[in-house]
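Two complexes, one shared chain (chain A), two partners (chain B, chain C).
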Partner chain A sequence: MKLSAIKLPKPSDLTGTLRAVAALFPDPRDVKLPKNRKEARKAAKDFWYGKPHGERRLGDLYCEKTGLYKHREWRGVKDTFYYFHMIWLYNYANMVMDIMKFGSPVTFVKGLWRYRWMGQTYLPVLHWFDRGLEGMRGPALRASAWHYRAMTCVTINQFMNMFEADGNLRNGAHNDAWHHAMAHKETVWGGIFYPWMDKFKHIPLEMIPYFVTCHVNNHTVLNYIDAAQSLGLPGDPCPMCQAEAGIFVLDDVPDYAPFLVTSNEACDGSVASTAIQDWFWNRPLFAMPQPMQFDDPLVQEHCANEIRECWKFIEEQTGVPFNWELLKENLEKQNELMRFEWEKWDVDAKTGSYPINGVAQALYRIYQSQYGEHFIWHFVDGKVNKIMTRCVEKKIDTFPKTRHRVIAWSCAPLYYSNWCTWAYNCWGLNTVINMDSLMFDMTIRTDTLDHCVEDMARYHEWAPMRRMAVGGMHHIFELWDYMERFRCDMVMMYDQLQCKGMQGVVGLFEDEFRKRNIHAIWMPHALPDKRTVSRAEIRRIINDYMTTVMKEEPLDPSLLEFDDDMSW
Partner chain B sequence: MTLTCPKYLILPYLRETAEELRTREPEPASPYRCRVVLSGAENDDPEFTRLIESCGALVVADRYCYGSLPGREEIAVAAGQSPLDAIARHYLTTSCCPRFMPQEDMRSRKKYLADLVKEYHADGLIVVSNKFCEYWSYERTMDALILPRDYNIPTCSIEKEYVNASTGQLRTRFQAFVESVEIKKLQEAK
Partner chain C sequence: MSVKKRILKAALRKEAKRLRKARRARRARRSPLCRVLRLFGKLFALLAAAYAALFAVFFFDLDGKLLYYVVEPLLVRHYDRMERKNPLEMPYEMKSE
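What follows is the complex of A and B.
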């Protein structure tokens, strides 16, 4: 490029840019100096502790029409410094360290360049933290942030494993890592692959390209949905499955493993998208469908046999025999995680000192239980345990502005998983538990192989959508028991507009809500597709219910209406 | 013969039809411009088949959820097996429903359609899915891509409502498909 080709900005452009930058900062004339000692003391207190919930105006932090921040939130000296060092800096540093730990930076850059979902989501990760942790203080900030750290680490581990084995990044050549990788649909529980964990890596196919990207950058997935529809697929099937198919249509899937294990979790769309994936990927595939209505004992036997058949398939593909000791070892580690989760639920249900916010609770749990054993879960659980124990011992009220204890039920909007952070900040709606957290609610016996397989089958059947969305009325209505257990007085009822399973029971839920006199807000959404129901519309629906039915005033009116359509 | 059609009642009519077939003069020319196989989701409305035929495409075989094919195979009852078990097994092994996930089933469904087209000397295939049927939304999309590409079979892909609606638009689609099949035949003849 010639130097003469470089165009310097005109003075008029420069002035405009400077004006735009200046607009980000408060006008000095608007800054009110304290008039008396009382005001000065209050200003000093706000500086030291941060403005209290109810007085602060978080909505003023956003750049208009973007949902992006003008500047970072001042949370008081201690929490702001904690956020800067232990969340922002610590996680950025670890995002680099993890890449070095799980592979090579060169491979990372190649992957970043090659895959759209990777290029568009790596850098906004800390904005994903910011959205989920907005307004959090003290132990709630710290414990929730640790959950985010774990999810980020596992995500990096997974995509680095993909890239290290990826034939697409090596001109089609298949290296040793490719021969030692096992691909599975994200809805196949990672525990199925434990018997080969010493020599092979199991990597979910869509967990990172689809699921994680929706949370981090809600724009990325739209391209994949459009790609699937460009083939002639209608718009009404589940948009999650459409997006998963679209990744294949656009050839945006790493070629990282010689075979694939799929599942029907937990709907017809998932089954159907498997067919399209098989056509594009074209390699040995084992389908492990588990019946939706699983309470019949005959179904148990069938599911257990499917798992055994899957193991035979893996043995054939890898040439490595099934290792019972390895399975046992990993299951016991996973059982430890479940036992700690039960402790967490106990604190959540019985005290006001639970330090994890709604979005961290939901996402961490779904990542952890679906992916399976990983060292980072244990590390983070140790950190969270310390924080939680301190909260309980000191009886710290972790969410002091709670007006309603909310349970979120059914499948959540992936593009707005942090709605519960907003709902707490704006209305004091504290989402204490959700359906996705309550899935896989069991430990697995390891005394004999038969018991183990029986429990593994049950575990697979208890996947969230299968159990509580399409698993029959008894399971769908487990909601009432959980409401009682977690002392909830309100339900946030997710209404996935393209989920035929849950659409069929809307009327039944409405009848039950009226009969039981339960406040329930229906939240329409389309899983990853924000174009169907925007984040702003979701907020408007909650605002309307809170003002017209509950007749309450917002804690932070600046959060009532804002346009974050362009935000990640 | 079934209980609804006892042998002694139907035989005279069958004999009469057989006699008529021996002496019947064939029509001078077929009113149809091409032969098609019809495949797709649940459809129990014969008017839909009539609609296609009114556009000049003779439906020579159909592969619906409730269609003729597959369904003409013998249901074999093995020694010691209960008839109910035999029927259940028959459905599981012969069904072409897209909800079956094993890899060989997913792939053989395409081959089955291609074989039907060949066996019934059809010129093309019409694949139909009902709105909101997840299985057939995907299956139809894939059939419309795979059958022309891998088997060189002209394919018309239709998404419709369960009831026979929007017949004007559908008629236009079928007429266009018949024309395209005719053009293909003309080009091949050259």
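What follows is the complex of A and C.
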């Protein structure tokens, strides 16, 4: 390239560029120097402890449209440096370590270069932490951040396992890792594969390319939704199913396993996406659907038989026999996780010292219960246990500005899972529990194989959205019991606009809310697709309810309205 | 070059040489402990500078800005231009057993 070909910006353009860059940083003119001793003392206190809730003006930190920060929040010396050392630095360092631990950096770079969902999504992962942990202090900041750490580790583990086995990165050649991998739909519980855990790796097909991407960077998934519709498929079914099919349409799926186990969960849209996956992935498949009416004992038996059939299929495909001891060992480890989760729920229900915020609680629990056993869950639960025990012993009020204890019901908007962090900071709405957490409320017996399979069948039937969203009246209306148990006075009722199952019960819920005199806010959304109902629209709906019905004043008025349309 | 300038340059060179010699002599006179302390001092200064730079990256969200304005657009451009196979060309049946 000739030097003369380089065009220097004109002075007028340069000014514009500089202004745009300056808008990404704090304006020095906004810094107010203290005028008297009282103000100086207050400034010193704010510097040391961080501004109290109500004076923070978190909305002023955002850059227009992008949701980036002019500067990250100053949380006081202790919490800012905790965030810097133990969250930002620690997680960046551990991301690199995890990549090295679960594979090689070269494979990682190859995968990053090959797959859109990888490059576009997983690099800005620390911003996902930022969004979920905004405004958090003390134990709430620490315990919630540990949950994020676990999810990041499991995610890296999964995509590195995919890349290490991926034929696409090796010109179609299938290595040993490919022959020792088992693929399944993300809604098939990982526990089904425990009997082969010593020799094989089970890797959900869409959990990483689709589900986690929506939370971290919701721009990515839009490509896949549009790709599914480009085939001529209608745009009104569940966008989750569309996106899961779209990954295949765009040829963005690693070729990492010789066979596939699928399910119909949670609806007929999912069945359709499986048909496309079956067509485009072209390999042996075992379909293990979750029954609609699962409370019937006959259906229970049928489901248990299907699990046994699935095991036979895996034996045929792998040539490795079913290992009962291995299944038992892993289920017992998973039961340990469940028992700790019950402890957490107990603290959450009975005290004000529960240190985990709404988004960390929901994502961690659904991820853990759906993926199944992994060493990092135990490590993180140990850390969280210490923090929680300290909170209970010292009776620390972890969310001191709680005005309402909220239960979130039905399935959440994936592109705005951190709405509960916003709602707490802005309105004092503390989402103490949610449907996603409560779905797999059981341990599994390991005394005999029959008991074990019976319980596993129930666990499989209670998959996300099956039990409490489209699983019949009894389970949907368990909401009232949980409200009482967790002392909730408000419901955030998710309204997935493209879920035909839940739309059928809107009127029934309305009637019940009126009859029981419960404050409920309907939050419309389209699961991963932010174009249908934007995040700003969701905030406006909550703002309207809080001002017109509840007649309350916001804790942080700077968070009422802001434009984050182009945010990750 | 004038004679005056040449003389001045030679004098400067001589002075620099003398200073270098003196510095070397001073270094030789330093105790091993002093040398180690100076090395640690330098290392500490370097680490402190790196720490301050990292904190600046963290505090001003420079990582986010870099990823949003530079890395993501470049990667997206790459993914948009990638050649991909058309799965619709695959017949709707199992090819392999």
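In this section, the second predicted complex is superposed on the first by the 538 of 568 C-alpha atoms of A that agree within 3 Å, B and C clash if a C-alpha of one lies under 4 Å from a C-alpha of the other, contacts with A are read in each partner's own complex, and residues count from 1 in each chain.
One rule holds in what follows: contacts are C-beta pairs under 8 Å (C-beta built on N, C-alpha and C of every residue); 3 or more make two chains touch, one makes a residue touch a chain.
On a predicted model such as this, the values are computed, not experimentally measured, just so you know.
By the touch criterion stated above, A:L231 is placed in contact with chain B and with chain C alike.
Of the two partner chains placed by superposition, only chain B is touched by A:A287; chain C is not.
In the superposed pair of complexes, A:W279 makes contact with chain B and with chain C alike.
In the superposed model, A:G132 makes contact with neither chain B nor chain C. In the superposed model, A:G191 makes contact with neither chain B nor chain C.
In the superposed pair of complexes, A:P239 makes contact with neither chain B nor chain C. Of the two partner chains placed around the shared chain by superposition, chain B is the only one that A:C267 touches, whereas chain C remains out of contact.
Once the two complexes are laid over each other on the shared chain, residue contacts for A:K500 go to chain B alone; chain C is not touched. With both structures placed on the common chain, the touch criterion links A:L250 to chain C but leaves chain B unconnected. Residues 231, 279, 284 of chain A are contacted both by chain B in one complex and by chain C in the other. Of all the residues in chain A, the ones that touch chain C in their complex are 24-25, 66, 68-72, 84, 88-89, 112-113, 116, 119-120, 123-124, 126-127, 130, 231, 248-252, 279-280, 282-284, 568. Across the complex, chain B meets chain A through its residues 98-99, 101-103, 106-107, 129, 131-132, 134-135, 137-142, 144-146, 157, 159. By the touch rule above, chain C contacts chain A in their complex via residues 54-55, 58-61, 63-65, 67-68, 71-72, 75-76, 78-79, 84-88, 90, 92, 94-97. If you check the complex, the residues on chain A that touch chain B are 231-234, 236-238, 241, 245, 262, 264, 267-269, 271-276, 278-279, 284-287, 289, 500.
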